[in-house]
Every structure is written in structure tokens, then in C-alpha cells.
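So that you can tell them apart, the chains are marked A, B, C and D in the order they are listed, and the count of residues begins at 1 in each.
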Amino acid sequence: MTGARKRSAINPSRRSRREKSGARFQNLADALAQIGRSFYQRGWVFGTSGNFSAVVSERPLRLAITPTGLDKGALEAGQFLEIDEAARVVRGNGMPSAETGLHLAIVRTRGAGAVLHTHSLWSTVLSDVFSADGALALDGFEMLKGLRDIHTHEHREILPIFENCQNIAQLATQVEALLKHEPAVHGFLLRRHGLYTWGQDLAEAKRHVEILEFLLEALGRSRTGV
Amino acid sequence: MTGARKRSAINPSRRSRREKSGARFQNLADALAQIGRSFYQRGWVFGTSGNFSAVVSERPLRLAITPTGLDKGALEAGQFLEIDEAARVVRGNGMPSAETGLHLAIVRTRGAGAVLHTHSLWSTVLSDVFSADGALALDGFEMLKGLRDIHTHEHREILPIFENCQNIAQLATQVEALLKHEPAVHGFLLRRHGLYTWGQDLAEAKRHVEILEFLLEALGRSRTGV
Amino acid sequence: MTGARKRSAINPSRRSRREKSGARFQNLADALAQIGRSFYQRGWVFGTSGNFSAVVSERPLRLAITPTGLDKGALEAGQFLEIDEAARVVRGNGMPSAETGLHLAIVRTRGAGAVLHTHSLWSTVLSDVFSADGALALDGFEMLKGLRDIHTHEHREILPIFENCQNIAQLATQVEALLKHEPAVHGFLLRRHGLYTWGQDLAEAKRHVEILEFLLEALGRSRTGV
Amino acid sequence: MTGARKRSAINPSRRSRREKSGARFQNLADALAQIGRSFYQRGWVFGTSGNFSAVVSERPLRLAITPTGLDKGALEAGQFLEIDEAARVVRGNGMPSAETGLHLAIVRTRGAGAVLHTHSLWSTVLSDVFSADGALALDGFEMLKGLRDIHTHEHREILPIFENCQNIAQLATQVEALLKHEPAVHGFLLRRHGLYTWGQDLAEAKRHVEILEFLLEALGRSRTGV
């Protein structure tokens, strides 16, 4: 009997936990890759921009996340990394996205199951137009009901705008502080950079991207009297 | 001989009616799912918004309809429900769309064979811009000839705008009253919400969506002097 | 030996001419259907709008043409008709497009091998904006070099605008008169209706659609200072 | 033993060099064709506009390049040509793009591995709006970090604008002079014509197209206060 067989005979539950986590990582990486390619088709993550993550396990915390610098139009599951709570790579090869700190901050403060970040045209343009206000409001749209816990169009969704910054640790601290004090928020903008949103699971996070992108375009096109 | 065999032997016509209705439901669900996915591709039903129905039988009244809360980009025939004239589910699992009452009101008052509801950008924006007028007009376009019973571009199509409302029963009453008194209308808008249109069959309803969405965009882009 | 066999033995050249013409019709119908579906994807022929033709033979004149009232998103070669110089159907079932008279007028006056008609957003909007001038100008664009016989961007392409009209015979007379007197024209607009263009063959006609649609959008977006 | 066999026996390294270069040409032509078709889908190379090249070998200089006058929606690897440093065709049939001189000038002055040229809407419109300034600036966008050697959004990218000209030799001289004196530049515009950009390899050149096209649209839509 080999040592390997012995160990798995002695502690089968640990082995099966590892296998289950591996399967879950694969499923999430598949789903994230498919979402990434569809966002690329819509022009939301051009030029290797954007990044996507989903929680593989909560204890210990493990995230499937896009490595830095990939063409999202050709994104494949095999390219994803698994990282721990300190952004160390525990599965796969490559460097995790430079903005990993923001993903971890969102997961920690909101208990999010998935975080999606796009560089769309309207989030880029409007985050600049409203930057002096520090936020923009999406008000009275039926589409808002697709956001978690919103049950009527009579809702004013506030999308905070952060000044863009290359110091991600500092930005993550600002984001974490805001998310703790503004539990109603479903996403935020980085100025001339893009949108961050999240969900309890990946389907909800994808839905939030679509809703916020749609409402940003509606706001943008309404501003000139259409 | 089993009881089941006996019954089918005794009343073969009832059995074949049920089978025919089942096949018709499947065909309509297939066609609705395909239309739903194509509308999603165009950005008309983002974030689980939008809903679609078609009449399976008139007596008794049966509708194939989207359940609530689905991602329309991954819509499949197997997800559709069949409901009766009181919105009770008689086939499939799930809750029918929250706006089922509007679908039934349209089918009752217009004898429609299919009802399609989109949350597009231009219906959202223009339903707000013209809300004080209670309607908007689409005037003099060749494309209007694609609407049922319109045979010339020299036509002024009125698209009523209802204030959006979470009380669907109340909204359905308003819609039903309007449709009875305005037989020429081919669709209506809900403010900051979207477009409803319908047709004698599904192909006509789809055509009406395309025509009205096109004309709303043309109107929107013309308003700023392009 | 049957009569049919006898005839083909006696006059093999007539038989092969018919077969060759049948093959040519099939090839053109295939290519037209593919172009039609791609134009539908771009939103240029929504709601059964638009129509497409190509010359199968010059003597006698035979056109492959879309029948009236089809969903261009599902266009198939088998749906096309072959018509003669008087718009009589000689192959296929259905009624030729209501605007067949315009196709024939263009083929007669320009010796065109293919005619394509789109109902795009920008042709609809700009044909109205410039209708009082009776034409619009596309001036100084490199893209103009893709039009037949244009070899420099230093060219001013005039796109005449006709008032829209349900009397196609009358419209065809106007179009024919204009095309005879303006040999430099590559296309024209019908007000609030759409674009007609053509080419020596189908590839050239398709290229002309893309170029004129592109330049109309460039003109439209430039008018508000972008 | 045949002469051919003898030669390859005598000089196997030359033969294998030729074979390796042939394989590299095929790979680049495949990749260029795929990029060309995807750009066509986005409407960036309508009506046979646009052209694409990549360096097959540096010594001697060999480029894979699009021949003139092709529909980029149906671009295939087999249509590409291989040219030398004087734009002579050394592989394939056809005439190289009329703008080959610009590709060669860029490769010479920047050591680029690939050059991509698009005729997009926003490059056409904005190259005209800013033509009097001789350049436009893209300033403060996170997306800029995707350009080679740019590591912060606090960057002002200058996109020079050249007056359009049918004398490509003269234009190439101007472009070459500018690129020598402005090493920081990642692309340039030809007025009412389009965008040229490049990269160390094809992936980088494609990324630069996406980034610059995105930022041009962002600039364009921002100019009217959105």
C-alpha cells in the first residue's frame, strides 16, 4: 500500500473536500470565462481591461479570479487563478489582477459571492461628468427592481464615485470604509475607469452589471434632452 | 385492460386535444425562447427584465408565458409556464411573471395571439421625456406600414404612456380601459419602464417590437437635431 | 423514348441554358439571403422592411428578388422569386416586393447587377433632416473611394432625397428620370424611409450599402458637434 | 538522387528556414484574418476599408499584409500576401494594400511587429473635429494603461492627425518623420479616414486598436456634455 493511498484511507473527508473545491473552482472559472467573453462582445472590457472573481470557499477564503493582462475576448477557464485571503495564488499560473485588493475588500465587507468589474463607455464617461458630486443617482426606473432587495421603481440608487488611483491598497481602504457605512449600495464607479458591482452569486453579479450599465446609458442619453 | 386505456378508448378526442395542446405549447415556448434570446442580444431585456407570452388555446384560455426572474440570455423552452385565464399555472414549475395581469388584459381586449414586453433604452428614455403629454407620436415613417392594418406612411401612430406602478391589477384596469377605447393603438409605454406590444400571432408581435423600437430610436436621435 | 427525352436530345443547348440559369438563380438567392440576414443583424432591415435583388440574366431580363413581407432575420434562398422585366413571377411562390418597380428602374437605367434597399436608422433620420434640400452631400471622406469609379477622398457624393410615396409606379418614373440625368449618383434616399443603392454585381452593391450607411452615421453624429 | 534532394541535403538549414518562415506566415495570416473579421463585425472596416499587417521576418524584412479591395467580413488567411521591404509580393497573388508604404514606414521607425488600420466612425468624425489642432489628446483614463509602457492613468496620450492624402509615398515620409521625433506616440489619425496603430506583436496591436477606439468614442460622447 502506498503512502498516498494510506493518507486518503486515513482521512477521506479531507481528500473529498479538496476534490469538491477543485470541481467548484472549475465550474466558477467556466462561468466567469463565459461571462467575460460576452462582456467583451458588448465592448465592456476592451484591451485586457476588466476583471472578474467568484468565491470558491468561504473558510478558508478562496477566490477564482482573472489573472492580469488577458484579452477578455478569448478568456478561458484554464486561465483563471485561485487565490487566498491575502491574494496569494494557490492554484494556476500567473499574477492575479492588479485590482485583486478591491475584490477582496468587497467580498469581506459585503459577503459577496462574486465581483465583476467593467470598463464600459458610459461608466467611463459619467464617472467623470459627475465626479465633482462624488456620486450619481439612478432614480425611478423599473429596471432598479432587478437589484437585490429593491422591490419598487420608487427607489433612488446612489452610485458612489471614487477618484481613480494606482495605489490599490489605499483605494481598497476607501472602498471598504464606504461599503461598511453604506450598506444599501450595489456598486460604485472609479473615475474615468469603470464600474464595480457584485452579488450573492455570479448570476446576481452579472444581473447587476447589466442593470447598472443599462441605467448609466439611459442617464447618459437623457442628459442632452436625449 | 387498465382504466387509463379504457378512458382513452372511450374518449379519444379529449386525449388527442390534450396532446395537440401540449405540442402547441412546446412550439410556442420554443419560438418565444428564441425571440427572447435575440432580444437579449440586442440589449432589450437586460437583467431578467422583459416578459413574453403567446396564446396556446382560446377556449379555455391558456397562455405560454415566461416565469419571473429569468436571465433572458439563457432562456429555454423548458422554463416556460402555461397559465389559465386567472393566471394559475397549469403546466410547468415556477411563478408566472409579475406582469401577467397586463398580458391577460391585452389578450382579452385585443384578441392578441402573442404579447411581448421589452425594457429597451429608447422606450425607457422617451417614456420619461414625453410622460407629461401622456403619449408620444410616431409620424410619417415608411416603417409604420409594418404595423397591422397600416397601409401608408401617412399615418400618425399614438403610443400612450402610463405612469409606472407596482400595483399590476390597477395598471391592468387602466390598460384594459384604454385599449377598449383606443382600438387603433398597437402598443403602449410604461414610464421609465418599457414597451408593450402584441400581434395576432407571435411573428406579428415580434415585427411590432422591431418597428416600434426602431421608431423610438429614430425619434430619440432626431430630437437633438439628430 | 418519352417526349421529354426527345426534346432534350433535339435541343440540348436550350436545356443547358435553363439549367445554368437555375443554378445562377440559386447562387444569387443564397448570397442575397446571407446578406439580408447580416443586414438584419445590424438593424438595417427590421420588421420585414428592406428588399434585395440581383440580375439572373440580362436577355431576357430576369431578377432574383425578395418576396414581400418576410422577416429578414430568417431569410432563406428558397423564399426568393424570379421575375421578368414586367415584374411577373417566373419562378417561386409569393408576391414580389411592393417596391419591385424601383429595382427594375435602377437595373434598366444603370445596368446594375444588384440592388439593395435598407431601412436604417441614419437613412431614416437624415433623409428627413435634409428633405428640404432635396439631397445631402457626403464630402471629403476616404471611405468614398470604395464607391465605383471614385479614386480620391476629394469627392462630393450627392445623395438625392425623394419624398416618400405609396405610388411606386410614379416614384419609379421620378427615380428613372433622375438616374438618367445624374449618372454620377451611387444611391438615393426616400424620405423617412431608407436607402437604395446598387452595384455591377452583388459584392459591389453590398459594399455601397456599407459605405453609404457608414457615411450617413458619420454625418449624423457630426451634426451636433458630435 | 534528384537535384532537389541534393540541395536540401547540402543545405538543410536554408530549407528549414524557408519552411519555418512559411509556417510563421500561415499563423500570422490566420490570426490577422480572424482579427479582421472581428473588426468588421464591430463596423470598423466596412466596405473593403482597413488593412492589416504583421512581420514574418526581420532580416530580410517580410510582412504578411492584406491585399487591396477585400471584404473584411469574409477575410481568409489564404488571401494574404507576403511582401518584402520594397513592397514587392514574394508570396500569394494580388496587389498589396495601397497603403503598404505606411505599414512599412511604421515597421521601420518603431520596430513594430504588427500594424492595424481601421476606418471607424469615431476616428473618422474626431479626426475632422480636431483637424485644425493637428492632434487630439486622450487624458486621464485608466484604459490608457493598456498602451505599451504606460503605467498610470495620469497620462496624456497625443494622437497626431495628418491631413488625408492620396500620395502615399508623401504621407509615408511625413509619418516617418513624425514617428522618429515623437517616440511616445502609440498611433495616429488620418483626417476623415481612420486610425493607425501598431504593437510589438499582433496581440499588442489589437489591444491598442481596442483602447484607442474606446477612448475616441468616450471623447466623442463627452464633447456634447455626453
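Here is the rule we go by: a contact is a pair of C-beta atoms (placed from the backbone, for glycine too) under 8 Å apart; a residue touches a chain by one contact, two chains touch by 3 or more.
As the structure is a prediction and not an experimental result, all values here were calculated from the model.
Among the other chains, D has the CA centre that is most remote from the centre of chain B. Separation between the centroids of chain B and chain C, computed from CA atoms only, is 34 Å. A straight line joining the Cα centres of chain A and chain C is 47 Å long. Within chain C, the positions touching two or more other chains are listed as 221, 224. All chain pairs in contact, by the document's touch criterion: A-B, A-D, B-C, C-D. Of all the residues in chain A, the ones that touch chain D in their complex are 43, 46-49, 71, 73, 119, 121, 124-126, 128-129, 164, 166, 190, 192-194, 220-221, 223-224. Across the complex, chain A is touched by residues 38, 42, 140-143, 146, 151-154, 203, 206-208, 210-211, 213-214, 217-218, 221-222, 224-226 of chain D.
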